[in-house]
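Per-chain numbering from 1; labels A, B, C, D and E assigned in written order.
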Amino acid sequence: MNLVTTLFYTFIFIAAGAALCMLFVKNIFYAALLLMACLLSVAGIFILSNSEFLAATQIMIYAGGVLVLIIFGLMLTAKISGKPLHIGHQNVIPGTLVGLAFLGVLIYSYSSLVLDLPSGIQPTGNSVNVIGILLMTDFVLPFEVSGILLLTSLIGAAITASSFSSKK
Amino acid sequence: MNLQNQLQWILDSTTFIGAELILLLGMIILLVSGLIFKRDVNFFFHAIAFLTLLTSAIIVIIDWPENPVRLFNGMIRYDDFSSYLKILIDLGGLLTILLSRNKIQKKKPEYFLLLIAIILGAHWLVMSMNFVMVLLSLEMISLSSYVLVGFGFDKKGAEGSLKYFLFGSVATAVMIFGLSLLYGMSGTLDFSTNKFVSTLLEQKSPLVLIGGLMTLSGFLFKIVAAPLHLWAADVYESAPTPVVAFLSVVPKLAGFGVLIKFTLAINLFGQSPYNWQVILGTISMLSLTIGNFSALWQTNPKRMMAYSSIAQSGFLLVGLTCLSISGIHAILFYASIYLLMNFLTFLIIQQFELDHTSPTIPSLAGLGRKFPFQSIAMGIGLISLVGFPITAGFTAKFFLFSSLWEAFSQSGKPILIVLFVFGLANMVVSLFYYLKMPYYLFLKEPPSEKPIPATIPLWENLLSAFLVVLLLVLFFQPALLMGWINRINFVL
Amino acid sequence: MQHLISYLIFLPIIAALLALFVPAVHQKVFRILALSVSFLQFLLMFLIFQVYSTTGKSFQLIEKASWITLDLGSWGVFKAEYFVGLDGLSLIMVLLSVLILFIAVLSSWNNEKNTKGYFILLLVLNGAILGSFCAMDLLLFYLFFEFMLLPMYFLIGIWGGPRREYASIKFFLYTLLGSILILIVIIGLYSSVKEPGAGVQVVHTFNMEYMKDSGNYISGSVLNYSEPWIIGPWSARLWAFLFLFIGFAIKLPMVPLHTWLPDAHVEAPTAISVVLAALLLKIGGYGLARLAYPVFPDGAVYFSWFVGLMGLISIIYGALNALASKDLKRLIAYSSVSHMGFVLLGLASGTIEGISGAIYQMFSHGILSAMLFLLAGVIYDRTNSRIIENYSGLSSVMKNYTAFIIIAFFASMGLPGFSGFIAEIMILFGAFKSNSLNTLLPEWMAVTATLGLILGAAYYLWTIQRMFFGPLSVKVQGDLRDLDYREYTMLIPLAFIALLFGVYPQPLLDIINPFAHALANTVTQFVKIH
Amino acid sequence: MTANLAQDSIVFYTALAALLLPLLSFTISISVANRYSWTVSLIAPFLLLLSFLSACFVLLHVSKETSLHSQITWFTLGDDEITFGFLLDTRTVLMMVVVSCISFLVHLYSTGYMAEDTSIQRYFAMLGFFTFSMMGIVMANNLLMIFFFWELVGFSSYQLIGFWNDRPSAAAAATKAFIINRIGDAGFLVGIMILWTYGGSLTIDQINIANIPSSYLTLAGICIFCGVIGKSAQFPLFTWLPDAMEGPTPVSALLHAATMVAAGVFLLVRTYFLFMPDVLMLVASVGAITSIIGTIGALLQYDIKKILAYSTISQLGLMVMGIGAGDPFASELHLYTHAFFKAGLFLCAGSIIHVLHQASRQKTLDVQDIRNMGGLAKLMPVTFLASLIMAGGLAGIPLSAGFLSKDAILTGLLQGEIIFLFIGFSISILTVVYAFRLIWFTFLAKDSLPEYIQREQVSDPALMMRIVTVILAIASLWLMISWSPIDFNGWVSHYAQKKVIINSALITGTSAIIILLTGLAAYFYFKDKTLNKKTANTMFRNFDFDLLYKKIIVTPSLNLSNGTQTIDQKWIDGLLHLAAYSQVALAHFMGWWDKSIIDGSVNGLAIVARGTGSITRSFSSGKIQSYILWSMLGLIIFILWILF
Amino acid sequence: MNASQSILLLAALLFSIGLMIVFIKRNAIMILLGIELMFNSANLNLIAFNQSQPFLVDGQIFALFIIIVAVCEAAVGIAIILRAYHYYHSAIPDHVSELKEKN
């Protein structure tokens, strides 16, 4: 077991562990931090899986963007109400059962899956280059559309967050 | 293929997406003018939005494709099937703009911008042949819808918006997971290629099914079908009426556009080890039952129409269950008629809404005498929704069930005949609640003298008259539309 | 003389459209419009009789125009036509309709409540009824058939009695259920039948004439003759017959699918009761004779015993219920159930006597039930009560009314000299003969059916005895004046017709016979095959 | 056919006139306005006289060699034709004359009897209509036509019995008469169906030559006999006839004594060829039972009209028995004679009732009770004499026509079972007794008229009524059928019958002696007897047959009809409502599903959770998350369902 | 078990946990976190499957777009939650629940 492999499984365990902990923590702020830990280790897995560009995006957007946004919202909502960041549970049993059912079905399906994947990590060249070209050629339309999407959601978010009318 | 050719191809491709570019242009104009102009030039925004959609529709008609063309390296395909749906979508948008009264919406430019964004997303969605495009355009529709639902800017709207968002995001997440599984199984994102089909044929893993069903659930969310229908009633109740009218039609049409293609792909031309007809048939029956039976005891017209929307999706799914070309034609016809009758009904609901902000059905009692024209128009719309002669709703259901019968007589699968009888029986059930409104309008006496709602603008009456006439004409001459639809040569 | 039938059908519809634009305050305009439409239809009927030849076997005065032709690619061509024509069966029914609708307009002359809406709906109903009797294209027939429901629903629901809402909903649901069953078969038929002699492409047609010919069925289709699909215990063709039978039997109505009828009748205004009993019930019988029997003779043969039994049950059950009824209109409604049971029995026999008797009975019952409901309407008009117990000895104050009641009751119970007698005799003869001729019905059915005659006498005479004889005593308020001129103008022609065709039935039989012959032959052929 | 064609057609049209003149009378009578109602009592008898004369004309021109037969197609029934035609043979013509004659006389009588009634038009109209229908039965050449007129006769009977329909008893009697007749007619109709199906025709002479399977022939005979039972008031359907006396007395004379009830006998004679020996046995038995019942009834009754009604039942039973066990012609003969003397007796009774009624200060109805009469011979001598002659006819005293015809029946019975002969003789004896009783207590016994009768007003009725009774009395003498007072093979039998049964001197002698002796015995028996007024015989109600019918037929069928009504309203509609409710319930369930299961805390699973010992219970309603949960549950169920 | 399979298993785990969070946690923002987790599990899947085609980077690009979508979702989501909070003074979806089946 070399370093890379060790690192790989470490990331996996961190990610899994952080996610599991999210289920059990009562403080929403901790949950956000756990999510960040989880996402960062997923970024690690991406790096080890030869997807450096993706990993960078993951770290930048999630850690730098999404989570900040979420924590920001978290603070905003928690602060105004002045309530603790404590969160309650509900639907525990049925929710768990359904979740476990999905997990079970997926694991069952994976067990019969024959993936002709090369074992271990494949040290191949940098994929950033390829991705860059593809985004400008094959995937140019999705690329542009995602721009429109971002614009739209920006406007939508702005509208939603900014205008309030009478509190009926 | 070298880079040069690819770039050339991209340039060539752009010539085919004129309508979409116009929509984009409209969005930008609205955005900019919204910043520049004062907020009270509502008519201007109306006009811009209307013109944009009109131009887009005209361009789609002018550039009617003779042969399907794959654009942007197979990201989208430009064919008559999608063009037809695009026209319907644009029409839905136009009707929504006509429905959007001045008083109701503030923030006009943003409102229209988001409306057009949804239409643009719908355009992309019906053309898309690639999971990436499916995801992006679906999200474009969803995100704008979440915001639009809250455009009443009141408490209810905020709640509806939140519920819609939470439900929708989970549905999207599940769909994305499903897409990733399908990608893993097929090794391609382009679901119209041979590679997709041939690889999946070799795959024996149940992940194909799981991925397929998870992906399907994203589409089912969009078309409001069971079991992902639960959000509908709450959301429809909270949203402004034009938005409900819009949301009950346009995303549904777009969703069906992609659902049809996806279903045919995942069914692997009938060679799939899984019986997708049974799945679709069951979903259809579930939607029919849930929609119709839940609608029975509703007293809020919009909630009722939400369940009606679920049931109507069930009817549309009947056509999809056929998995045949005539079934698809029937769906297209039904969708066109559904567009007309649904908008007609919502138009009148909105007219009756004017004074009492959220009318219950019993509060409509006796209004038939005061508003004979509106009541009759609503009656015709609802009768059409039931599927009763002499409205085009009957013709649409007739074609739908004919194609189902045809599929049955060719394959003899029991699920089809079960669905056939089941669907027709549901027609009877639907009568109960659809006729509730005409029943109160005409047969019930008003409890006391009520304040008469404000006068209804002439052009709205003209619009409803136009829709009524269309519904009647398309009953007597379905060939006007069906002839056109029949020329659509659907290939995957 | 080219488009007589179209004029007949569309005259009222166009009039209804015109009436839409007349302001509602001019009540008289609507009455006169409706009356003049009916009158013009009368004239058209005269013209039609000039052209129609009773010796011609098949359809006459045919009008054909393409309506929907859709190329559905590999599936073939979807073809529905505007195809109307008259054969014996249709002509009888059209004649009856024109007559009854005229009476209905007269009968609703004094309507004050929302006159505009009322007459517009009546006119639309008029067109739909005539259309469904003339249509030879299945889709066209279904269109008119369905379209009758809506005006009827509103006519009962708005202008009806205290429980009108319940009655109208019940009426609507029952009949809609029936029409769904019919729709299933229509879809099945249209996809199984092709137009003969068309080119390479299969032309799916709704033409009822083509559906009768076993050669026009696409081989391998669900409803084909030679190898029909088996679904459950029966072949698809038998199922189709059963569905059609139930669908039309609801209209007829047949026990136990009849409970909408008493309610609808009791609640409906007089004119609507008249139309309902005289015409709408006939659509059921008409549909069986026009569609179910000729297109599915195999089903007719297979289920004949069942159909006959249901007819028999209807006869006796309806009569028993009439005996127990306390409301005059309810009594008449149940008597309709009983009388329409004869229609089923006659059809089930598959003999010429039975079939022509069934058609004759439809005509006769149309006339007589119209008369009965008009008479029930008279007493309701005077006192606002139809409860039999409230009256006694009416004959001493309303002499002529009593005379007409006696005529109508005796005619309805099958007194010789009135049309009902001829009809019931023919049906009973046919049903009895069936056993020795084509073995479709056992003889005991015809014998038992005579019980209906006895019970008929019982409930009618008992009613006369209670209401009209004995010392005068009326428990409700009201002006017990005798018939007025308007009522005479409605009743005398009806009584005269009932009498005329009871004494001299040949003119009607001349019209009916070719149809009955053809149908009986079709059925008999199938008896021989099996 | 020897007569030439022109003559034939004249005869035929005359016969048609005899048929249609009463119908004309009906039409005129019903359309005359109230103001001119007196014209009716002129026109109607006149038209009937014309009809009678026409019938006589036909009688002169038709003999057994020259019977006329003419028919046209009435309507086509499938491939076969139903004809409308007349068969004018001697039997028909004789019956035509009898019917039109008595009808004419009754019309004449009614002008007096009904003079004060206000609805005289309706009365004469229905009389005319009856005569028309009765002539129709007589003349018709096929069974369907007979049935046609048969029912019309029933209708006119209904109308005439219920003529005074403000009396509840009259209305009830009318209804009863019609319904009971309908029961018989239903049987008749079945018989016609059998003959149509297996005989291929309904014309009487066609059926005669048709080859019908014997089992069906037997059935057909029984069925047709059912019609006879109803119409001729045979056991067990005789109960309507005594009730029918609620009608005006001339009506009873015409319909319920002379003609209508005799139609059954006429039909039996007409279709005699259809009856197999077994059926004839049945016919004879029924006739015998009926005649016994009728006789006993007549012996026990006190109501003058009801005595006559029961005697009619008895005589009809005798005729039917005569057909069944003996010779049809004898019964036919008795039918003719009976028509005259019974009609006459009724009219005499009518005269008495009429006179007493007018003389009565109280408007009570017991003027028909013979216990309230007696000694009328002095007050109403003409009526007494006429009654005496006709009662003699009824009793079968020698020198009356009744003696001859009864003699013929008894002679005919010689051929059959001896029991029937015995019954025949017994009936004859008892007939003498009750006929004597009737005359004795009405006319000859001690005067028991109640006080409220003004005796000075009691006298013979109006001239017209007197004349009619006298004519009928004369027609009851032996000359009516034969020149010889001891041989019934007179001119009637020569005219009508080719085969003549031999007059048996033994029977003639025996019966003459027995009848005279009985008369003598009756005289001595009744001489000093008075009728007990106190024990008003209310117990005598048609031998309680009515009660029996009520118990086994009427009440059960009413209960049944109430039952079906319940089924209709409770079960069928109940089922419908149940379906509607269950639909609503299902809708509520769906709503509950949304509200409780999906919105709510998932109680079901929570219960499972509690069972598994979980601590956390979530009762708070988490809306949107539950929606999502349930949607995902749906998805996973789908996956699992398809996978496994 | 090779690396790809472990990634797949991790993805399945994250997906299920995400779902459970959505079902169980009574807070809208927490639900948002759960949804992000689910998005990520899809990304993991894509990367794992993309290993079998090392020269095609479709999976990676798809993952990239998924991240973009996630961002948009988060932005709009936070805005919507904030607005609901504005009206209801709570981020707990149960409290934001006036719309439901009446009676």
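One rule holds in what follows: contacts are C-beta pairs under 8 Å (C-beta built on N, C-alpha and C of every residue); 3 or more make two chains touch, one makes a residue touch a chain.
Computed from a predicted structure; not experimentally measured.
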Note: chains that touch chain B and chain C both are D
Steps needed, at fewest, to go from chain A to chain B via touching chains:
1
Hey, which chain ends up farthest from chain A, C-alpha centres compared?
D
Strictly by count of touching C-beta pairs, the top pair is A-E
Farthest from chain E in C-alpha centre terms, which chain would that be?
D
Per the C-alpha centroid definition, the whole-Å distance linking chain A and chain E comes out as 7
Geometric centre distance via CA averages, chain D-chain A, whole Å:
101
Rounded Å distance between chain A and chain C, as computed from the means of their C-alpha atoms
71
Rounded to the nearest Å, the gap between Cα centres of chain D and chain E is 94
Counting only residues that touch at least 2 other chains, which ones in chain D make the list?
591, 594, 620, 622-625, 628-629, 632-633, 639, 643
Can you list the residues of chain C that touch 2 or more other chains?
none
Scan chain B for residues touching two or more other chains and write them down.
132, 136, 139, 143, 146-147, 150, 154-156, 161-163, 166, 170, 174, 206, 210, 233-234
Each pair of chains that touches is included here, namely A-B, A-D, A-E, B-C, B-D, B-E, C-D, D-E
Listed in rising order, the residues of chain C that touch chain D in the complex are 170, 256, 259, 262, 317, 320-325, 351-353, 356, 393, 395-396, 410, 415-417, 421-422, 425-426, 428-430, 432-433, 435-436, 446-447, 450-451, 453-455, 457-458, 461-462, 464-465, 468-472, 504-506, 509, 513, 516-517, 520
Please name which positions on chain D make contact with chain A in the complex.
601-602, 605-606, 608-609, 612, 614, 616, 618, 620, 622, 625-626, 629, 632-633, 636, 639-640, 643
Okay, in this complex, where on chain B does chain A touch?
3, 6-7, 10, 13, 24, 27, 31, 71-73, 75-76, 106-107, 110, 113-114, 117, 120, 124, 130, 132-133, 136-137, 139-140, 143-144, 146-147, 150, 153-156, 161, 204-207, 210
Going by the contact rule set out above, which residues of chain D touch chain C in the complex?
73-79, 144, 147-149, 151-152, 155, 158, 162, 165-168, 170-172, 174-175, 178-179, 182-183, 185-187, 189-190, 193-194, 196-198, 557-558, 560-565, 568-569, 572-573, 576
Contact residues on chain D for chain B in the complex?
583-584, 586-588, 590-591, 594, 598, 623-625, 627-628, 630-635, 638-639, 642-643
